[in-house]
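What follows is a set of structures to go through.
In the two complexes below, chain A is the common chain; its partner is chain B in one and chain C in the other.
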Partner chain A sequence: MNRAGLLAACTAMLRRDLTLAWRRRGDIAMPVLYALIVTMLFPFALGPEDTLLQRIAGGVVLVTVLLAMLLALDAMFSSDIEDGSLEQLVMAPQPLALMLGMKILAHWITTALPLIVIAPLMAAMLHLPGAVIPVLLLALLLATPLLSLLGAVLVALTAGTRRSGMLLALMLLPLCVPAVIFAAGAVAAAQQGLPWLAPISWLAAALVLAVVLAPLACAAALRIALDA
Partner chain B sequence: MTAANPTVSLLEARALSFLRQDEPVFAPLDFQLHAGELALVEGDNGSGKTTLLRILAGLLHVGEGELHWRGEPLQRDTCAGEILFLGHQLGLKADLSPRENLQIAAGLHGCRDGVSVTAVLAEIGLRGYEDEPVRRLSAGQKKRAALARLLLLPATLWLLDEPYANLDRIGIALVNDLLEKHTDAGGAALVTSHGTMSFHGGEPRRIRMHD
Partner chain C sequence: MSNWIPLWLHKLGSPPTFYRFAGTLQPWAMTLALLLGAIALYGGLVLAPADYQQGDAYRIIFIHVPSAEMSMFIYAVMGVAAFIALVWRIKLAEVVAMESAPIGAAFTFITLITGSLWGKPMWGTWWTWDARLTSELVLLFLYLGVIGLYHAFEDRRQGARAAAFLAIIGIINVPIVHFSVNWWNTLHQGSTINVFGQSKMSWDMLWPLLTMMLATKFYYAASLFRRVRTDLLALEGGKDWVRKIAEDEAKS
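On to the complex of A and B.
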């Protein structure tokens, strides 16, 4: 009998979710399109004035990316609950938190990574100075996984309820405010030539905490959701 | 694997019941299941057959009473990977093929010695449909794809909720065959069914559910 190793299980989980996302490529494109359209509309609404756009560019890109991520968030566990895959996953002789961590990683790769890739384009459309773009990308690389992890906990908590979308948005708002403040703070500081390391470090610290705790909370919440 | 001790039952329920909104779903149950045994869970619609199986699978908490696995109180870690549950929801991803679905299951649970995904799918009657998305299979074929897990994954106790639903006569014979081989090899199974079952190995044990 071949017991499944931890690495094999993690790979199987990650490959599964990435394959599923690839089979539904249209769903991946949606947040990207949304983010592009929103950023494109800002200069039309505010006027093509360079100084104004430069001032708001960092904040607009961050908020747009985080909102675009919300679009795909509530689908994270719903299909697995509907088709019984989650039951099979819970019963597998593997640490559930780690498996869910892999699911969250796959979710981040398929929703946040494409957004980060187009973020320089969005920033350029709003005339963000080129020198600030690396700081913006760094802030996004830390803030988006944080949002994925926090979002996953809330999605798991609301998994049992119907029409959880509204509830999810309400619960997520206070949690993503600090992420937005620190990420935008870093970009604004870089734009003014001030040191930006402190807010980035805060984001990194929050991310480390979330990486450790969020999958455990997800696992506990989903076990409760199934136990009903 | 721990050596099978014939005197200790694999699974034992003592006055087991489950409460939903403080109302018992079924009357307290007492039963034992030994290695090599097959038990049929009988009861009307809504009598709690599925609930019982979900409790034994560890998905629902034990309401009242006790549940023992190999003589020890049943806990998640003690029986991890030894129990295989097949419910109404088949646990197949519709966008993936039966082959991919089984590969994931094998990745999570491990697989038996000397079996391959291709061979298992051929044995379960899905030759030629290995790479078709599960979405395009018929209800019976989906059921077969889910049943293929029984052949592939190592487990001692099978919990099968309506394994005969949607299957044709050949499929039903196939499930009976699987159950017979499993119990002959020292495994145990708990099966719920409305339909009549004809086992080769004589009458199965019966667990009757009452409200």
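On to the complex of A and C.
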């Protein structure tokens, strides 16, 4: 397999998944609406005081984005399993890990990116100071791919089971603890006027590790789940 | 090629041999566990002196610390068994990994419960978001995830392989979680027992603790053997050796 062939396969994979997502645009809007509504519930539950909302804003946005991504995660491979195209992908001559990496990228673009776009709105709803929002966006830009990659491995593991939604949450959420800690830590530090680069660097390091390992793990998990 | 692995170890990997082997060892391990556990409890609850600061409340460590150690020890055993199961596809390793998970989850649960019982009089709160407590809680969820994934599959061997993979992901993640949580917040006291060098604990208190640690190991072995034997019978239901056991049982 030469390099040009691989590149063509990667673009084809990415284009296919993005086209499929675009044909069902309504599905893209769902996580976004979910995140907005959950954010709206917090002031109702905790009371509308500015100082309290300001203090929890960063954490609420992060956890809400995480939960919204969790809801969308289930769909990452489900349609491909139903129509059998995932099995074709497993048997294809191109390296499975690379192809799955492209699928994860497409999934991140269609679910996480819209969430990041509306994150400033969510932050503003909770009165997060404008100066902190760039740090929040940076933290989200690093944390969401991490969640997509980790989530993809676990979705692949549950590919052979029915009704995997709650199980997925049980498996994924403990593994996300570091991502949440570092992302929220960076936002909290920025809010207090402290240096926030250290937690961001940790997030970036974790992301680099995940980009290398997660597609390989995802391929291995898929082979186990499909018994291929 | 693989001569360095003794023959008996190869044979031990086969279900019928392990079934007999575990059946022989299981009562001994259980007896030792009960005996050592009783000695350790007597030593810890009666013989050991009260702590000058914490009074008698510290005595919960004779349960708490051995359970905490077992919760991590069993996860390590599960991880190694999971690795063997995935790489060499040994059925016995799958069974050992999957049957370790509930025992480990139970020890983790005991650790959390005894910890919070101790925390109420000492820290004045049942629960606090301290680094070690949180790591232990995450460990419990990892165990539950492995158990849940194992039971989500209809085919048990496929479920075992998937859950084994999750256990290995967890093992990579546990140090990261522990480190990040440490960075986040810490209240729990540092460790008192030091394998290398002087322990910060009097021998009167130390020996019951070490005895209890040994007792929990034997309990784990006994419990694991029993569970693995049951599971092997279920998995190998149609095989000759199982049929023979069933016939012998029916005769007697």
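Quick note on the criterion: the second predicted complex is superposed on the first by the 223 of 228 C-alpha atoms of A that agree within 3 Å, B and C clash if a C-alpha of one lies under 4 Å from a C-alpha of the other, contacts with A are read in each partner's own complex, and residues count from 1 in each chain.
To be clear about the criterion, contacts are C-beta pairs under 8 Å (C-beta built on N, C-alpha and C of every residue); 3 or more make two chains touch, one makes a residue touch a chain.
Because the structure is predicted, anything quoted here is derived from the model rather than measured.
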Overlaying the two complexes on chain A, which is it for chain B and chain C: clash or fit?
-> fit
Does chain B (first) or chain C (second) touch A:Gly160, or do both, or does neither?
-> second
Angle, in degrees and to the nearest 10, that opens at chain A between the C-alpha centres of chain B and chain C = 90
Where does A:Leu173 make contact in the superposed view: on chain B (first), on chain C (second), on both, or on neither?
-> second
After superposition on the shared chain, which partner residues are touched by A:Arg23: those of chain B (first), chain C (second), both, or neither?
-> first
State whether A:Ala205 touches chain B only (first), chain C only (second), both chains, or neither.
-> neither
Where does A:Asp227 make contact in the superposed view: on chain B (first), on chain C (second), on both, or on neither?
-> both
Determine, under the contact definition given at the top, whether A:Ile181 touches first (chain B), second (chain C), both, or neither.
-> second
First (chain B), second (chain C), both or neither: which does A:Ala217 touch?
-> second
Would you sort A:Ala9 into first (chain B), second (chain C), both or neither based on which partner it touches?
-> first
In whole Å, chain B and chain C in the superposition are separated at their closest C-alpha atoms by 8
Touching both chain B and chain C, residues of chain A = 227
Which of the residues in chain B end up touching chain A in this complex?
-> 1, 57-61, 80-81, 83-85, 87-96, 100, 103-113, 133, 154
In their complex, what parts of chain A are in touch with chain B?
-> 1-4, 8-9, 11-13, 15-16, 19-20, 23-24, 79, 82-85, 87-94, 99, 226-227
Seen from chain A, its contact residues with chain C in the complex are 153-154, 157-158, 160-161, 163-164, 167, 170-171, 173-175, 177-178, 181-182, 185, 202, 206, 217, 220-221, 224-225, 227
The residues of chain C that touch chain A in their complex are 86, 134, 138, 141-142, 144-145, 148-149, 152-153, 155, 158, 161-162, 165-166, 169-170, 173, 176-177, 179-181, 183-184
